[in-house]
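Note that the chains are named A, B, C, D, E and F in the order they appear, and that numbering of residues resets to 1 at the start of each chain.
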Amino acid sequence: MENYALELIQKGTRIDERKFDQYRNIEIKTGVIGPAEGSARVRIGDTEVIVGVKMNTGTPFSDMPNDGTMMVSAEFTPLASPDFESGPPGEDAIELARLVDRSLRESKCIDFSKLVITPGVKVWSVYIDIHIINHQGNLLDAAGLAAVAALWNAYIPKYENEKIVRGEPAGKLPISFKPITITVGKVGNTLLVDPVLEEESIIDAKMSIAIRDDGKICAMQKQGHGTLEFSDVDKMIDIALKKSEELRGLI
Amino acid sequence: MENYALELIQKGTRIDERKFDQYRNIEIKTGVIGPAEGSARVRIGDTEVIVGVKMNTGTPFSDMPNDGTMMVSAEFTPLASPDFESGPPGEDAIELARLVDRSLRESKCIDFSKLVITPGVKVWSVYIDIHIINHQGNLLDAAGLAAVAALWNAYIPKYENEKIVRGEPAGKLPISFKPITITVGKVGNTLLVDPVLEEESIIDAKMSIAIRDDGKICAMQKQGHGTLEFSDVDKMIDIALKKSEELRGLI
Amino acid sequence: MENYALELIQKGTRIDERKFDQYRNIEIKTGVIGPAEGSARVRIGDTEVIVGVKMNTGTPFSDMPNDGTMMVSAEFTPLASPDFESGPPGEDAIELARLVDRSLRESKCIDFSKLVITPGVKVWSVYIDIHIINHQGNLLDAAGLAAVAALWNAYIPKYENEKIVRGEPAGKLPISFKPITITVGKVGNTLLVDPVLEEESIIDAKMSIAIRDDGKICAMQKQGHGTLEFSDVDKMIDIALKKSEELRGLI
Amino acid sequence: MGKKSDVQLIVDGKRTDGRAPEDVRPISMRLDVVSRANGSAEVSFGKTTAVAAVYGPRTLFPRFMQESDTGIIRTRYNMAPFSVVDRKSPGPDRRSTEISKVVRLALEPSIFLEDFPKATIDVYVEIIQADGSTRVTGINAASLALVAAGAPMKDMVTAVSVGKIDDTLIVDLNGTEDQNSQSDVAVAIMPRTDRITLLQMDGVLTKDEVMTVLSFAKENCHKINEQQKKLLLEKYTGE
Amino acid sequence: MGKKSDVQLIVDGKRTDGRAPEDVRPISMRLDVVSRANGSAEVSFGKTTAVAAVYGPRTLFPRFMQESDTGIIRTRYNMAPFSVVDRKSPGPDRRSTEISKVVRLALEPSIFLEDFPKATIDVYVEIIQADGSTRVTGINAASLALVAAGAPMKDMVTAVSVGKIDDTLIVDLNGTEDQNSQSDVAVAIMPRTDRITLLQMDGVLTKDEVMTVLSFAKENCHKINEQQKKLLLEKYTGE
Amino acid sequence: MGKKSDVQLIVDGKRTDGRAPEDVRPISMRLDVVSRANGSAEVSFGKTTAVAAVYGPRTLFPRFMQESDTGIIRTRYNMAPFSVVDRKSPGPDRRSTEISKVVRLALEPSIFLEDFPKATIDVYVEIIQADGSTRVTGINAASLALVAAGAPMKDMVTAVSVGKIDDTLIVDLNGTEDQNSQSDVAVAIMPRTDRITLLQMDGVLTKDEVMTVLSFAKENCHKINEQQKKLLLEKYTGE
């Protein structure tokens, strides 16, 4: 199967007949999880990810007394793939969560200064949980998209008498940007986006690039076992700039 | 050995010649653990369980500001059986602890409203630790019996200047009921109580039934790999009602 | 290799030609770790240990409201030896940390009464972390030496407006003693100090003895698989008394 | 549980969400939601949603856990952190450990384990949204996934929750009812033979009440099983 | 430890529990308390109670841990959560990890390990009640359990604690003495040869004091060993 | 990161530690610091110090993790508790887990893995002092250790950090710069072919800025690699 995917790419086509810079069909549903303050269920082809946003109160970091906080976690549930195992998050789940975290944090997506309840003492903590339901390739782009969609869908609950009143929105979560992560893979001399599972296994190396609404790059990470040339990075950024606009339009 | 136990049951008798609705000899000693505020050492035949009750102060749950709290844990120490392993509690130990917890909680055995120190802020927390010393079958009934006996034996320590004065009782722990858990097993068409280890391994399925002093059922759980018929449940409850009175009389 | 080391000892000599009561060359560098409030890097032969002292604020123990606290940890990093594994500290690392802890605690090396910020509420906590870089035998003596050297090198940082001002010393850590741990090994009828790795594997049993500046013994622990005679202990203490003075002179 | 709430949960014969006591919430069921699983299903009872996936029979590792004459079934019941109102820390807790076990025991009697010696069938249940009755919803999803995976089965397993609130018997408890019920019972049966594979009861009931509750549960299991069978029929014959 | 308490621990030559300095608390010893163990014993020194059980020699798994020319001994020392005044969280901590190791090293020299290659003897010690001197009580129980298990032994192991309080040497420290002693020493010997298998000392002592403490410990070990032997004799000859 | 600090980090063309933007801190490199490792090195960039040790190729256990046609490389990046201003609890955290992975991927392309099937090369990196740029310092130490271990290598790996502070490109960020940079980029290359094996970027940059940053990083990697080669030459041809 893997050789077949490779053979096709070498011939200039793909296993599902997409163009090299074409994503599978993308479906975004928001507000799908009742108990969460924000949520989104994103499908890219068969790949499916749910992100839930929960708002809790917490203590600010001592060096950021006037900012709310954020925490991104990912569960690669064994339900989603025979390659995932039960147990605490492995390095792939941790890396994915940290990449989503960085794309949100570096892009200043959330306006943390508006998440203060009592300066230095109590702030809102935004918990962003990424739950993988179906792994058919390109998890990071799906997770990034779902995270941003869930945040744009999220509200701050009412806070009265030192308690959160669950289910009663007091306002939207203050969001300024929609950072979009695009992962570009390299197979031989071909660059492609949104690899399916069969393609992921033959990719030499890939670069995940998070792009802000203003076209600025806010996070990058090389992934995969192989290497990249400097000229690859140039072309990959161009692809990411173009595709990020397209995906951002879907949210 | 297992087949021998089964063969006997099919012939209408048991490996230790007891009747099907007869417990092994039961021995209950209370107040056996000096440092604990309540304790009981229960033997059912060779099966031996120690339960210790420790009183600590803690924070009430936010939705129950005027109630003390309770926590039941069980350790299946590798000392007690070659089938037990070192390490954090496995599913059997967790299930047993949760069943004892439910029998106490649902029966309203402990009057939590009398365990408040400062409403909403500080309450007594009752720690009930189940320690298995010798596993020769029917652990749950022994653990349940020991838990109730230890609670009836327990005191609240003196509390002065925001500190617990250990070893000085300020009063009895407020206990209202003696819920008794009776486990009834099914082998073929035979129902029996208090299986020894050899019998446990050939039981199709069993039902643990917690009965309150007023004859009301306060918890039930089917256990074992097999199935039960609805008519089995009817008969099992009758057996449990009868045996629970007998065992309650021992505390 | 092991037999060769043993053979030599039986002939009255050692694999590296040292005398039985002679340490390898000892090198102590202090103040080597910028971010730490105290630090020392100790080499005994090729064995190398770094100890860092970090000062944090914490809560005193309720039975010692007017005393600071101390915590000693050791990491046997897999970098330092093929015999060390990744993961939480094993029993050898825990034993070593606890032995260093006891030598410091029992000798009253640190004057904890001078580490109080607000009595009963806030005190200084001294974190002593032992990091093994190169394991070529006699880790405990090296770790003990590095711990004492790091403590003598340590300072208390400035504390202003309820915050630690890192990097600005407010005074020396109050240290009264230099307890030195000497481990004496027994091979056949020979007693020796500072075994290299090859010798450690053939040692019958050993005794670690912590000695205070005044020649008093403040901790002892038998180690190793074999046994000792009472007369061995007598001789081992004499050796430890002598060698501890020598090593103390190096700090 | 086991506590009679101060709030009234049944007003004018209607429950908090407008249902009659004997009404199950709207059920939705979908098969084949996880591509690489041998079988999978997503089941919702109102706002309680469970996804189940089945992998196997597959060889069991490490080898010393294999049994030479029988296969085994393993289950993992897990709640997504966002599935509940108060965020749940990821990873198993005592509750999910116990439920993983009772779910396994609920499903096991329906499977011919002896058909796949040395192998395991792994059943994973993820609760995506929790509004009461999560374990029974998970069992219903898991049984569908097992059928879809072509596991060797004697019968399906169908589960339902029944309870007592305001002295009235109700079926399919939602979250509010679950927390304030006088009693809460989870039942799973194999519908062809009415064999009980799961029975967990909390609260305070007389023996007669228990027996009534069980009949009520049985009846509802049969109704739910009709929907399960209809879905499977569509998959294997229709469209 | 190592701290001279403000409270006086010896008044008119009597300790807090009425004993003379040289008195061991009442000892009770019982064999065969765990049915499925190869050997087991329960030992109390006053209100300190340890239960020990021995399993093995039994084959060691996983296989790569086996040693082809010798057996091994493994030990687990554990305190019940209720055994101490301030409840202990279940599970191993740093103290119990260290004590598990020193107990293993204390017992190991008494056993012919080479008699059971590739196998292990597992010794489990549970402290049920703790009032000082728990590790030595555990060792005494474990040694009885090893004999009862028929383990191949060179000798028994007998242990005792000795200490210094109010400048007086005492034996068998209780909990109060343990916490307020000037020095606390745990010693185990093989009585037939007076070989030391455990020696842990805390506090501040001169060399002479250490040597006196050790003699005192040896003497008491012999007394305790007489009781161990008496019990075993009863088991194997009597009743 | 990614946050423009209020404090000015470049004054009169000088950075907080007196360097020009294009200056790397003083570098020290030492080989053979861990006796029993197959290769090891200690590398400091200013007050950032990493020790790396390489064990292997050695047989991989447990056996089921072996790959029959290739070897693997495993890495562990770890920070000593005292290496940072706020003491780090011992043991891996999310950051060190991610860095262990990217360090592995940064080194892997330089090694002929197929030369040692069924085996592993284990690379351990300990950060002893942290003042920014720890992962790249660790990679430089690890690559030296791999060469010293005689691992079968295509090329070395050399790494450097570059960043943007006060709108100026700088190289080799120290801790203060790292925390207050507008952008922070870690790059590793194989110098003979200029192949990128690590690229991590945080902050906000335009595409042009990214490409300039990368050229700047490449240039500095070459300079650092000269020092790595010089050290190795001394070792192998003799001082």
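By our rule, contacts are C-beta pairs under 8 Å (C-beta built on N, C-alpha and C of every residue); 3 or more make two chains touch, one makes a residue touch a chain.
If you're wondering where the values come from, they're calculated on a predicted model, not measured in any experiment.
Between chain A and chain F, the least number of touch steps comes to 1. When the contact pairs of A-F are matched by residue number against B-D, A-D or B-E, more than half turn up again in B-D. Chain F has its Cα centroid 32 Å from the Cα centroid of chain C. Per-chain Cα centroids separate chain A from chain C by 48 Å.
Mean C-alpha position of chain C lies 27 Å from that of chain E.
Computed centre separation for the pair chain A/chain E is 57 angstrom, with centres defined by C-alpha atoms. Residues 33-37, 40, 47, 51-53, 55, 76, 78, 80-85, 87, 90-91, 122, 124-126, 128-131 of chain D touch chain A in their complex. Considering their complex, residues 91-92, 94-95, 97-98, 102, 105-108, 207, 212, 215-230, 232-234, 237-238, 241 of chain A touch chain F. For chain A in complex with chain D, the touching residues are 32-36, 39, 46, 48, 50, 52-54, 56, 73, 75, 77-82, 86, 88-89, 127, 129, 131, 133-136, 166-167.
By the touch criterion stated above, chain F contacts chain A in their complex at residues 1-2, 94-95, 97-98, 100-102, 105, 108-109, 185, 190, 193-207, 210-211, 214-215, 218.
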